[in-house]
Each structure stands twice: as structure tokens, then as C-alpha cells.
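I am attaching a structure below and will ask some questions about it afterwards.
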Amino acid sequence: MSQLSGLEIRGLRVSFDGFTAVDGVDLDVAPGDLRFLIGPNGAGKTTLVDAVTGLVKAQGSVLFGGAELLGRSVHRIARSGIGRTFQTATVFEGLTVLQNLDIAAGAGRGMLTMLRRRKGVPEPVARALETVGLTDLAHSPAGTLAHGQKQWLEIGMLLVQDVRLLLLDEPVAGMSHDERQATGELLEHISEERTVVVIEHDMDFMRSFARSVSVLHAGRVLSEGTVAEVQADPRVQEVYLGHAAAGDAALGSAGPTLPDEPEPSGGTASGRTGAAVQEV
Amino acid sequence: MSSQPEGVHLSSESYRSSGFRPQRRRVIAGAAALAAVVALTACGAKTDAAGGSSDQAAKADTSGDTVRVGLLNSLSGTMAISEVTVRDSLRLAIEEINASGGVLGKQIKPVSEDGASDWPTFAEKAAKLIKEDRVAATFGCWTSASRKAVKPVFEKNKSLLFYPVQYEGLEESPYIFYTGATTNQQIVPALDYLKSRGEKSIYLVGSDYVFPRTANKIIKAYAKANGMKVLGEDYAPLGSTEFSTIANKVKASKADAVFNTLNGDSNVAFFKEYKSAGLTARSMPVVSVSIAEEEVKSIGSQYLAGQLTAWNYYQTTPGAANTKFVKAYKAKYGQDKPTSDPMEAAYTSVYLWKAMVEKAKSFDPEKVKAASDGITFDAPEGTVTVDGASQHIHKTARIGRIGTDGLIEQVWDSGEPIEPDPFLKGYDWASGLS
Amino acid sequence: MTVILGQTFTGISIGAVLLLIALGLSLTFGQMNVINMAHGEFIMAGAYTTYVLQKSISGAGLSLLVALPVAFLVAGALGALLEWVLIRRLYLRPLDTLLVTWGVSLMLQQLARDLFGAPNVQTRAPDWLTGNITVLGGSDPLTFANSRLFILGLAVTAVVALSLTLRLTSLGRRIRGVVQNRDLAEVSGISTSRVDRTAFFLGSGLAGVAGVALTLVGPIGPTMGTNIIIDAFLVIVVGGIGQLKGTVIVAFALGVMQSVLEYSTTVSVAKVLVLVAIVAFLQWRPQGLYTLRTRSLV
Amino acid sequence: MTLFKGAPAAPAGKSPSVLAGRPARAWAGFAAAAVALFALAPLALSDFRLGLLAKYLCTAMVAVGICLAWGRGGLLTLGQGVFFGLGGYAMAMHLKIADAGPGNLPDFMQLYGTASELPWWWRPFGNPLVALAATVLLPMAVAAVLGSFIFRRRVKGAYFAILSQALAAAFAIWLIGQQATTGGTNGLTDIQGFFGYDLDDPVNQRMVYFVIAAVLLLLIALVRQLIHSRYGELLVAVRDSEERVRFLGYDPANVKLVAYVVAAGTAGLAGALFVPAVGIISPAMIGIVPSIEFVIGAAVGGRASLAGAVLGAIGVAWAKTALSEEFPAAWTYFQGLLFIVALAFLPGGLVSLAGIVRRRRAAATALPSGGAA
């Protein structure tokens, strides 16, 4: 594993036609951190990740391992060691689990390797299969996986991609309690070698696994610190009270995982328009 | 194959996973289907099965008491608007001949094929008619492009094509009889007529294909030699229906007359625009070489009244032969259906072929060709004579004016049939053309 | 000067024709993302409707005015039928729709050939539409053709009517709702399938109206729709999908461009240049002139 | 991107080792196709029908490329006519120069042209090797330039389809306008010889057929390899979710570009071989209509499967001939109906029909149905 790298965001600003989704965020994620980003709907969490990964244009500065990311294209940012998942699990449904992982592992492959058939299972892929527990399903089409399994496959893809920073958007949404536990442990394990940032609404999950927490509100960082520090911050309580009737409940328990703001859908589009956009 | 248990009962999963095995099997299934296609194609080849498939010139099949001829016209696509009427006219002639005893005692059996307004398709269908249907002769084609596409097919197989449409000349295929006008029987007389009226300048408008471009080359050579000015030359893509700019350009040129070689659909749009621009037959007459009665009907005399056309035949051409032809055509296809020059030339071509065959006492193309010189027929356009050397026919040139009733009234004719001169060898000014 | 004004008017009038034939597409293609290659045949249906009506109604002017609503209904009904039989099965496969509707267009052309004969047919234009009005007198007068002014008026009316329908009526709101978020519209109690059909009816009906207008300037025949359909699609693509104002601006811009280029070069060259310019433009703005900038389109 | 559920879109086998270990079936299928093309067809068919089959096989070559670019990559290549035409004209230009003989102009230039010598851009095609290379490389080069612009600007789906059609139309209009140097609407016709062999001779026509059949099989093998390679898997991934691929560090534009360029190459080769088989290349083969017809064949057979696309192309071309011979006045009804039924109700193409039947039968009898295909 290559050396750990941290993320350093300064003055990040993203706006869409006059609406400012991220409004001057400063954020530092230490190398090897397991950072949770929380915040009410519309706080700008996903947009922040979009900006870091090059999906939306942004002003400011994002340094990863000392290198500026803004202005680079999506695939170059990915190659520099940053991987992400989406709210809706996005895997290649027509391909098998193995093929999904093999593609994720292969961005650096040469022309000749690409034009040959895949023989056997590459070692990193086998390891990732093991890590995310999908070895038995290696030859199943990804489209037939259960929801949670797709999320794991996505994480597995980031592992074989060998990224140094994982940006995970609600990785445990829709998972059972046991699955959440397993995913959390997996993330802890991963963060030993990589930096992990998780967007999450599930407060139980956050409390169990977060090493540090940033609270976003209205496009700004509201509070930052350990779980306990953040929970004690009166501003955080106020924000959550202002947005959900049962404020403490939202923070204190699993709470209803409300649908987040409309997402730049990298994944399965819900409506026809979405599907069209995918193709167009 | 399906020994794996999940292939049997797990619905969606098996649906997907079983997708793999059949895929490899599909290659075999594919080969089997390919064989089936081959077999089917073979079924289509029934008429050819008897003969040795490798002999060069497919001999026409004249063994029974019928003789097959091919009708090769576009029945679909953009050219169908014109070519369907030619097919109808050919059928009329064949019916008449059959009713009067056929050719050499044999009834003519027409085999119709659709050229689909697509030149390679014309070539394919021509080969099919010759090789599969063993036709004694083929009648049809309209555009020069379709004729150029089938020309090698007829030459290669030594089979005859009768081509019924006025064309750009500069061609003498030994296996094509040209029963429409060549340039010296239509364009040159039209220019002579304009000159005699004292028109000093002309504007050329045409569709972007071979006939207009070649015709305009000839027109420019003629104009240069006869002190006429060509003030402009515009081509619209075939099928183009937007003519406002061309109408503006024509109007701005203030030419004495317009020479129009537009084809088909474009004429409708052109004349509607022409009238909208305030141009009239009085202020700036248009001489058209592709507008016959059928086109007048679809454009409307509202837009065309007074404009000029150059042809060898009009529905109003006097004579008993024409009266009979028009009457028979309307009886068969409807009183509102007009007859036109290409239809007449097509009708005449069947009778000319009959006369040649009877003179040669054979359906053999070589003998028919040899017998062709001097064959005459009392055609609706007047008596026509075949020139055996060029395989064109002597035709009378006629200038007509379109009336408000949609009929074309003859205003001038060449007096006698003009000898065909496809390469314009008899005209000094045309020496540099080919 | 006269030439410039004349060509500008010509360009605008070409643009008006383009706009009319593209307007229906701005609903079916622009809003619903259906590539309907049979749209040209709906235009043809509108033109033949004019022809049929003229046979039964004497008076060219009256029959033309009657033809406008009738053609709208005929073409609209054809469109709704097509939507019901085929297109609704293909909503998630826009590219298959293109090929299927191409098959439909082949069949409709042949049907026209069998019903009305292969040759073109004619309609009479009323006298008040065949002339022109003189705008500038003098030795080199500038004239505007009445038929072109009529089409321009018709196009403007249709645009206004369509945009008012989309903006003000509940039908329009439902259409926009379905376009923007189908699932949400569905759970809000909107019958999306009915909205689809209605939108298709409107879009195809507009094609019928365009067909009536085309009888004034062009031929009426089985293949009349095929020649213009690609131009109409290009107008939508360049204008930006789902953007009425983009469609309007681009139709007129392409019209003027075509007429100016045509005047200074030839029709073929102008056509090729316009197509190349479109390709270049889409390099610059791949989503068209106006884009619906929402986050889901990023 | 749409997942074509009817056609199993996943390319590789149950396991790669299984696939690699049992290529026997693929070989058997390939051998059967070779037998059908090289033994069965020449025996069963007359010269005329064999000539038609040669023409169908040319459209099948285009379909091979379409299968890759569209079936696998999701690019609706509605402008294949352009590449077919480039290949066809490159070949025909050489053959016309060769027919005319050294120092002479091709016949149509003498008729319609004004120049007394070959235009400069004709001259390189006088060299047979240059011309042969150009039939493939020229379309590929054009596709590479176009594709790199289009894909980098992320023009996709409907836009790409309509843009392709516009380009096809523009190219056809341009060719028609240059009558003196391209033959205009007529195209290049009356081609007599093929690299010294007289095309009038039925034996040589047969040879042309064999060349075409061999090239088709070769192309199938090549593209099959591509589809089953890692690249092929990546291409499907790009089709299914381009954005996701980008986040894995690939540039999808390059992935698509390769498929587009390969498809252009196969279309060019098809156009080149169409010329000696049919004896003509004209703008009629380039515009919007032929471009759609190329795609439709592949779609009817099954775009995502090589066998489906190839057989579909052959089948649709054959159906066009057969129907128009049988019903010259009404065949377009049947053709339209065929497209509608096949595409609207069998999105995976006719090959998926075999799969459906097989599954039904398997479900009904719960017995192995091997060999039933």
C-alpha cells in the first residue's frame, strides 16, 4: 500500500444557476481518518463529494496528498487515487461480479492486455472478493445481487482500484442491522490503509464507527470534531431541531433516513428523463 | 446442457446466468440458420435451376407459348411519383398486343420489378429479370443514374433494354434502345425556339444530377455560339423543396427566360415560389423539359398557366393513333389520368420491339438489333422510325404552352421527325462537349 | 439593400416552415425524448387531409381554413394511435423507437401511394395566398409572398398557443411535471400514460398543421415527409431538448443562414455548410443552445 | 443505457477458464458457417443468387461493426453509410483508374468533366496498395477524428444518432454536387476489372464471393476476440454506466472511440468489397436510408450478439430481395411490419427468440434441451 494521504479543502464553492449548494467549505481530513459527513438534507454533502471528484465545477481549492484536484477531469482525479460510491449502488448490472471488479482493477492496463481475454482471476480481485465476501457470487451478474451486496461490490471495486481516498455516499442505506455492522467493520479495516470519508444519515452507524465527524449545514461546515464533541455542540442540536421535529431522536437514534437532495445520478435513473440523460 | 439445476427453476437468475451457455451454442445455431438462408435463397432460384448456371449470356426463355418481358420501374421511393405511370403505360401496350394475337404467336407475360429509386437495386433487379426470369427484353428505368447502373448488366448479358425517357445523350449502348428524345430532339429545338422568339438571356435552374448538368453544358455551348447570355446557373439537390432563394436569384437576374431542368417534386416547389415572387409566364417564361401532363396535374395550372414545355408528345397531339391511345389509357386507368411523353415513349417502345421481333422472326437480341434499322411505327406522337446505328428513334420536337385547363397546347413543332444525334456530331458549336 | 432585406425575409420564411415542422417534435422529441421518424408522415397526412377536403369543399380559402383543425385532429389521432400501439412499449429504449417508427413511416408512405396514387397531388391555394405584397417600391421592388407571410403567422400562432398550453393549462403543467420527474408525477396521482398520449396527440397534431402549410409551398406526395424530417430533428437538437425558445431561435437562425449561404453559393454547398456548422456548434455546446440546467442533468 | 433484457448481454462464459477450456463449440459453429458459405452456398445457388449473397454478406460485415459499437458499446451508429461509402469509393476509384488504363481518364470524367487529367486527390488511388489500405484506413481515420470530437464533448444517444444522420446526408449531398470528379448521383458505375481479373467472367465473380465470405469470417473472428477481451467487458461497462467507468479512472471517450473506429473499418471494408460484387457505388448507398438499413439488420437479428447481428443483416437483405420480387408493389408494407414486430416485440432481436423458446421448453419439460437449437 502506498503512503496515506489526506484531503485539504479550502474555500470550496459550488453554485447552480444562482443557487449556492456549497458555500465556502474548509475541511481537513487527516491521512487514515474515518470521517463522517453529516447534515440535514440540502446541506451540500453530496455536492461536496461531487466537487472533489470532478463531477461538478467548483471554485476554491482541493488538495489531495498535496496535489490540486479542481480543474482536472473525472477520470484523472480517479486515477490520482480517489474513488467514490453513489447513493444508489451503481455497478455494471450486465456484467458479473468478477468482471465488475476486474474492470475496476484495470484502469492502468496497457493496450495489449486490454485486447486479450482475461485468464483466471487476478490476485487483487480475488483478495477484494474475499474482503467483501462475494467470492461465491463471483460469476453472478451484478444485476442479480441484493441491494447490500451491490454496495459491497462497489466498495470492493474501490479496493481493487487501489484508491487512497474512499468517498462513500450512504453506504449502509437499506441494509439490515447485521449488514451495517459488517460494513462498519469493513470500513474500519479499510481505513487502516486508506483515508475514508462517509456521508451518512444513520446516526447509530456514525456513532459506532466514526473517528471524526463534520456537520454540514447550508453549504458550510457547522461543526467538527469527535462524535461526542459534535453531539454536544448546541449549534448542531439547533440545526437538527430546526429541520426535524424530533431533533434529538434524529441525532440520537437511527432516525428516518429521509431522501436526500436530488442527486447527480451516476446510477440508475428513476424516470425516463433520467434514463435519457444517461444516454444523451 | 441444462444439467445445472438453476437452469430449470430459478426464474430471473437462471434467465441471466443461462444466458452464457446458449451464447456459445448460438454460434452453432447461427451456422444452422445461415444454412437455412442459403437453402431459402436457393428456393428463390427455381427458374435458373434447369440451365447451367455458368453460361455467360442468359438466353431468353421463349420455349412455351408465352414470352416474358421485364418491366423495371421504381414503384417505391422518391421516383415512384413518375415511374408508376410508365409502368401503367407499358402494361397497356402489352395488353393491347396480347389481345391482337401477341408477338410471333406468343402472349407477352410482363414481369414487374421495383427499382425502389435506388441505383444498385436497379442493377440487381435487371440481373434478376435477365438471369432468373429469362425475359426477352426489359422496358423501363427513368433517371440517368438508374440507366447507367443497369447498362453494364444488359451489356454483359447481351439482353435488351428499352429506355423511354428523354435524356442527356452522349451514350450509345449496343443493348439499349432509346425511345425518348436525345438532346438534339428536345433541348436544342427548345433553344432554337427561344432564339426565334428573340430571347437574349436565360437563367438555368436544374436538379443536381447528370441530366441537368449535362443539358446545361450543352445549353451554355449553344448560347455562346448563338449570342445568348446565360445569367446564372443553379442546382438544387434532388427532392429539394425549398426554392425561395433560387426564385429570388432568378428574379434579380432579370433574364428573358428560364430554362428549367428540375426533376419531380422540386418542380412543384419551384413554380409555387416562382409565382409568389411575382414572376409570370409573361414577364419571364420558363421552358421546362421535365414537366409533362402528369406534373402539370400535381403542380396545378394555377401556377403553370402560360409556361412552356419541350417534348415530343402531348396528350393533345393530333392524330388517330393518339386518340386511340388516350382513350384506351383513360378507359383502363381512369378518366382523370393524363397521358404524357415518357408514357407515350414507353407505350411506343413495346410496339417497336414487337415490330423488330416480327421482322427478325426471332426473340434473339442480336437478330432483333440487326432487324431494328428502319422499323417504323405509327405512334401517338406521329410516325417514328428507328435509327439502327444509334438505336435511337427519329422524333418530332414540339414546344407546348400549358393552358389553364392543365392541358398542354402545341405552339411549335419541328415539322418533321429529327434524326437522333446523341453526340451532337452535326452541330459545330458542340464540338468541345465530349 | 433590397437583396439583403429580401434574403432575410426569405430566411425567416424558411425558418417559419422549419419551425412549424419542428414544433410538434419539440413536444414528442424535446419533451418526451421519443425519436419519431414517422413524424414526417404525419405532416404528409396533414397535407393529404387538405387535398381530400378540397375535393369536397369548393372554395380554396375555406377548405384551407377548415383543413387546419381537421388536419390537426387527423394527424393527432394517428399520433395517439401510434403512441398507444407501439411507442408506449418503447419509452425506455429511445433508439429502438427510431427504428420502429421508421418502419411505420415506410408503411404509411406505401399506404399513401395506394390510397392517393403514386404521383403527387395538387391543392389549389386561395387567390389571396398566391400573390405578394410590395414592401419597397422602385425599380427593384422588395416583395413578400403572401403564402410565406401566412406560414409565418401560422408558425407564430402555433408557438404562442403551444407555450400558453404548456404554461397555463393543467394539461401543460401535467406534461411538464411528467417530463421533469415521472415517478414523482405518478405518485402524485397523475396518470402518466394518459399525459404521454395527450402530449403525443398534440405534437403529432402540430405536424398535421405543418402539413397544411406545406401544401402552399411544396409538393404533396408520399415521400414529402422524409426530406424535411432530419432538418426538423436538427432544429430541436441544436435548440436544446425541451426548450421551446431554443427551437424558435434556431429555426429562424438556420433559415437565415441557409438563405444567405444559398444566395452567395449554391443550394448544395449551403446545405453542406449548414450541416457542418451544426456539427461544429454541437462541439461547442453539446446540449444545444439552451439547456435545462438542473443538477440531474450535470 | 438500456439493458437489453431479451439478449443476454453479459459477454463472457460462466467462468473464463471454462470458456477458454471449451472453445470447441465456437470453433464448431465457425466451421459450420464456413461450410455453409464455402461449400453449401456455391453448390446450391446460381451465379445470380450467389452474387446476391455476396452483397448480403457485405451488409453483414457492416453489421459486425455495428454489433460491437451499438450492441456492446451502446453507440447508435446511424452514419455507417459514410464509412461504407468511403471504403466503396476508395476501391471504385482505383478500379476506374485501372479500367481506364494508364494516361486515360475514367469514362465518366471524359463525359462530364472539364479537366484533362486526374484530379490530385484521385491520383494516390491509382496505386493498388494505397487504394486497398485506404478502403479501411480512410474510414477509420475519419471516424477517429469525428469520434474524438464527438465523444470528448459527450455527445450521446439521440444527439449522436441525429448528428450521424446529418453527416451522412451532408456527405451524400457533397458527393452528388461533384459530378465531374465523383460521378454525381450516378456514382461510379460500369466497373470492368478487379485487380486484373475480368469481372464479366462468372468464375471471377465466384472468386469475389469467396473473398467476401472469407473476409466476413475473418472480421467475425476479430470482433469476437475483441468482444470477449477485457476491452469488450469494459465497453459493456461504458454502455451500461459511462459515469461509473469514469470514476474508475478510465476515459470512456477512448473506450467508445475504439469501437467506433473498428466499426468504421468494417463498414469501409464492406463498401470496398461491395464494389466488385455489385459493380457500382453511388451516393444512394451513403445517405440516411441505407445507414438506417444497416442498423436495422443488426437490430432485427440481435444487436448484442455477433451471430444475431450477422444473420439479421443477411436475413433482412434477403427478405428485401425476396419480398420485392414476390410483391413488387406492396413489399414495403411487409418490410415495415418486419421491422416493427422484430424491434418492438423482440428487443433482443430474433436470436432472443431462440433463447425464449429454449427456456420455455426447458421449463415445460424440465429436461435438458441440448442440441434443440
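Order as written gives the chain letters A, B, C and D; numbering starts at 1 within each chain.
Keep in mind that, in the parts below, contacts are C-beta pairs under 8 Å (C-beta built on N, C-alpha and C of every residue); 3 or more make two chains touch, one makes a residue touch a chain.
These are the chains along with the protein names UniProt gives them: C = Urea ABC transporter permease subunit UrtB.
No experiment lies behind these values; they were computed from the predicted model shown.
> What chain is the most remote from chain B, judged by the mean position of CA atoms in each chain?
A
> Can you check which chain pair, B-D or A-D, has more C-beta pairs in contact?
Result: the pair with more contacts is B-D.
> Please compute the C-alpha centroid of chain B, do the same for chain D, then give the distance between them in whole Å.
Using C-alpha averages as centres, the distance is 31 Å.
> Could you state the distance in Å from the CA-based centre of chain A to that of chain C?
Measuring from centre to centre gives 46 Å for this pair.
> Distance-wise, how many Å sit between the C-alpha centres of chain A and chain B, to the nearest whole number?
Computed from C-alpha means, the inter-chain centre distance equals 69 Å.
> At least two other chains touched by the same residue of chain C: list those residues.
Within chain C, the residues that touch at least two other chains are 33, 92, 94-95, 109-110, 241, 266, 268, 271.
> Chain A: which residues touch two or more other chains?
55, 139, 141, 143, 275-276, 279-280
> Counting only residues that touch at least two other chains, what does the list for chain D look like?
If we look for residues of chain D contacting two or more partner chains, we find 2, 9-10, 12, 14, 19, 157-159, 173, 176-177, 332.
> Okay, in this complex, where on chain C does chain D touch?
Counting only chain C, the residues touching chain D are 29, 33, 35, 86, 89-90, 92-96, 98-100, 102-107, 109-111, 114, 230, 233-234, 237, 241, 266, 268-269, 271-272, 275-276, 278-279, 282-283, 286.
> Could you list, by residue number, the parts of chain C that touch chain B in their complex?
It is residues 3, 6-7, 10, 13-14, 17, 109-110, 113, 117-125, 130-132, 140, 143, 145-148, 216-224, 227-228, 258-259, 262-263, 266-268, 271 of chain C that touch chain B.
> Please give the residue numbers of chain A that touch chain D in the complex, ascending.
Interface residues on chain A, with respect to chain D: 53, 55, 73-75, 78-79, 83-84, 86, 90-96, 99-100, 102-104, 106-109, 113-120, 139, 141, 143, 157, 161, 266-267, 275-276, 278-280.
> Under the touch definition given earlier, write down the residues of chain D that touch chain B in their complex.
Answer in residue numbers: 7-10, 12-14, 19, 22, 25-26, 28-33, 35-37, 40-41, 44-49, 51-53, 55, 110-112, 173, 176-177, 179, 184-187, 189-192, 200, 202-203, 278-280, 282, 284-285, 305, 307-308, 310-311, 314-315, 318, 321-322, 324-325, 328-329, 331-332, 351, 354-355, 358-359, 362-363, 366-371, 373.
> Can you list the chain B residues touching chain D in their complex?
1-3, 7-9, 15-35, 37-42, 44-45, 48-49, 53-54, 56, 75-76, 112-114, 116, 118-120, 123-125, 127-128, 131-132, 143-145, 148-149, 151-153, 156, 170, 208-210, 213-214, 235, 237-238, 434
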